[in-house]
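I've put the structures underneath this note.
Two complexes are shown next, each including chain A; its partner changes from chain B in the first to chain C in the second.
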Partner chain A sequence: MKEVYFWLLQLVTGLLLFFLVGIHLIWLHFGPEGARSWGSMIERAGNGLWLVFYVLLLTAGLYHGLYGLRNIFLELSVSPATGRRITIALVALGVVALAFGTYVPVKLFAS
Partner chain B sequence: MERWRGENFLGIRGWVWGGRYRLERRLYFLQRLTGLGLVLYGFLHLIVMTFFRLPGESVYEATMRFLANPGFRVGEYLVVAALIYHAANGLRLMLQELGFLLGRPVPPVYPYRDALQRKRSWVLAMGGGVVVLAVLALWGFLV
Partner chain C sequence: MREGKTIIFRVQRYSPATGEKPHVVDYSVPSSKGMTVLEGLLYIKENLDSSLSFRTSCRMGICGSCGMLINQFPRLACHTQIEELRAKTLEIKPLPNFAIIKDLVPDLAPLFIRHKSIKPYLLRPEAQEIDVPTREFLQSPQELEDYLQFTYCTKCGCCLSACPTSARDKLFLGPQALAQIYRYCADSRDGGARERLSLVDSSQGIWRCHLAGACSEVCPKGVDPALGIQLLKRRMVVESLGHQGKGPSPAAPPPEEQKPRLPVPQFTVKQR
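Now for the complex of A and B:
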């Protein structure tokens, strides 16, 4: 039963990413001139709304990507014990990546 | 043989070929392929945007200049195209999963057509949308 909620979260994060990645792409590729420059990046980094946006994007992206990867691994006829090890490894990878990816924007926001 | 064996004995080969696969099954394979590519790109993007941002402006600007070369721009476009496909097909799968694109149940009368075949127009609309958005994105990269 627990698996159903994880799957539901996969759908919710997918929908969330549809909008968040869309905004990210449109802003950086079709948005204001020099959106990728250091100045523009620092300006966004100092804004709390952008900080929330990026942390949300990172969290949803990591969950969606790593849960999808887990599904692929589990479909390859692995034993239940190997499946558990894969899940633990992917959760650990996700937590490390989230901490690593959140550290920089939070540091830039605080500075 | 343990119980879990045989549930998917074709393994990765089964994604590509395991019988008379139809259009939806091919789209499923592409969904997997683009998903794996996007996960790989996501981690590379995360590493680049953290490691090369921390040292300061000069390192960040040098990295951006390096990534602006044509080879990386082509790769970047392929990532955007994969993202467009993954998002559009994912949205279709989501609507299908929740039962919106399956239509009403019908009696099994010959010639048999399942729910996916009866709603093939949604698949074609998704395909058309992907092509239009991919061309628009290409225009954005070229201009």
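Now for the complex of A and C:
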């Protein structure tokens, strides 16, 4: 994959995060009473729309954050081979974190 | 020339060849109205210390030889008047982010190697036109405007010395080379965009630029390399989404095929 697509995805996820984090914060601070409670979170996880919202937020956040972390590592003048290893390690970390982060709300949704 | 006050030139001296450590030496230089920092350095060399080394050539901001750090800001010494700095003491150091050959002489070889790597000349589909051009290529004044400011680059190295990414990442191409890639890709006569864009679409390529804008801030020729890099990013994104730009402009017809010029009208002067 060309670097331009990585960068473009970072732009898209940045834009997504602006709206998704915005909605998340508005809901928690100005939403219904007790929106920040555990019970309310469980209730939201039972809603398909909220489930999609949170999985999307997690995916965008993970990609955007890990891409930034990769940039920091690559700026240490690492060799191309080391750069590839760093990329693979961060992709693996992202996949594991996404799987774990998705498993919890999906399980709550299913139960 | 009106005589002015005396200015202290606090110059960093360093000679890696002799194993000498970097140190600072103060020189008192009588300044006058309109006097440049380069003239001050020439005064030191001629009258106070002939061992001081710095690079200079044209003395008029064209060759880009005398780039140095003057009062913590990369400038051309020939393009900076002492008065405009409004300081009694001038701190003069070599450009950062470059190895030092001696005193104020930076090793600009990495800059030229990177510049050469981007093929800074017109690439044409007809191979013979690259080495031995036989024809002119059509270009409108508007098409010239697209890249004109980037042709003013003198390769002085000021932008590279100010770039925070270049300071950290020695593999980064740097603002000078990236802006020059845009200069050639935006030239309607050029057909080498794909070749050059694939060169910078790498993990150490254009995507390492954080748009700090320091390169544009310090450019003594008023070039905006940060703008060039952003426009290049946009072009790469647009092309990655499948939109291909138009090809290089066609060659101008040879002179014998041109239409004959209209005869010059015979004006007459009214006789009184």
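Rule of thumb we're sticking to: the second predicted complex is superposed on the first by the 110 of 111 C-alpha atoms of A that agree within 3 Å, B and C clash if a C-alpha of one lies under 4 Å from a C-alpha of the other, contacts with A are read in each partner's own complex, and residues count from 1 in each chain.
Operating definition for what follows: a residue touches a chain if its C-beta (ideal position, glycine included) is under 8 Å from a C-beta of that chain, and two chains touch if they have at least 3 such contacts.
Quick caveat, the model's predicted, so the values are computed rather than measured.
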Which superposed partner A:S77 touches (first chain B, second chain C, both, neither): both
Partner chain in contact with A:V104 - chain B first, chain C second, else both or neither: first
Contacts of A:K2 with chain B and chain C, given as first, second, both or neither: second
Per-residue contact with chain A, leading partner among chain C and chain B: B
Touching both chain B and chain C, residues of chain A: 75-77, 80
List of chain B residues in touch with chain A within their complex: 2, 4-9, 11-12, 32, 35-36, 38-39, 42-43, 46, 49-50, 53-54, 57, 60-61, 64, 80, 83, 87, 90-91, 94, 97, 137, 140-141
Residues of chain A defined as touching chain C within the complex: 2-8, 71, 74-77, 80, 83, 87
Residues of chain A touching chain B in the complex: 11, 14-15, 17-18, 21-22, 25, 29-30, 36-38, 41, 58, 61-62, 65-66, 68-69, 72, 75-80, 97, 100-101, 103-104, 107-108
Complex contacts: residues of chain C adjacent to chain A: 165, 168-172, 201-205, 207-208, 233, 236-237, 240
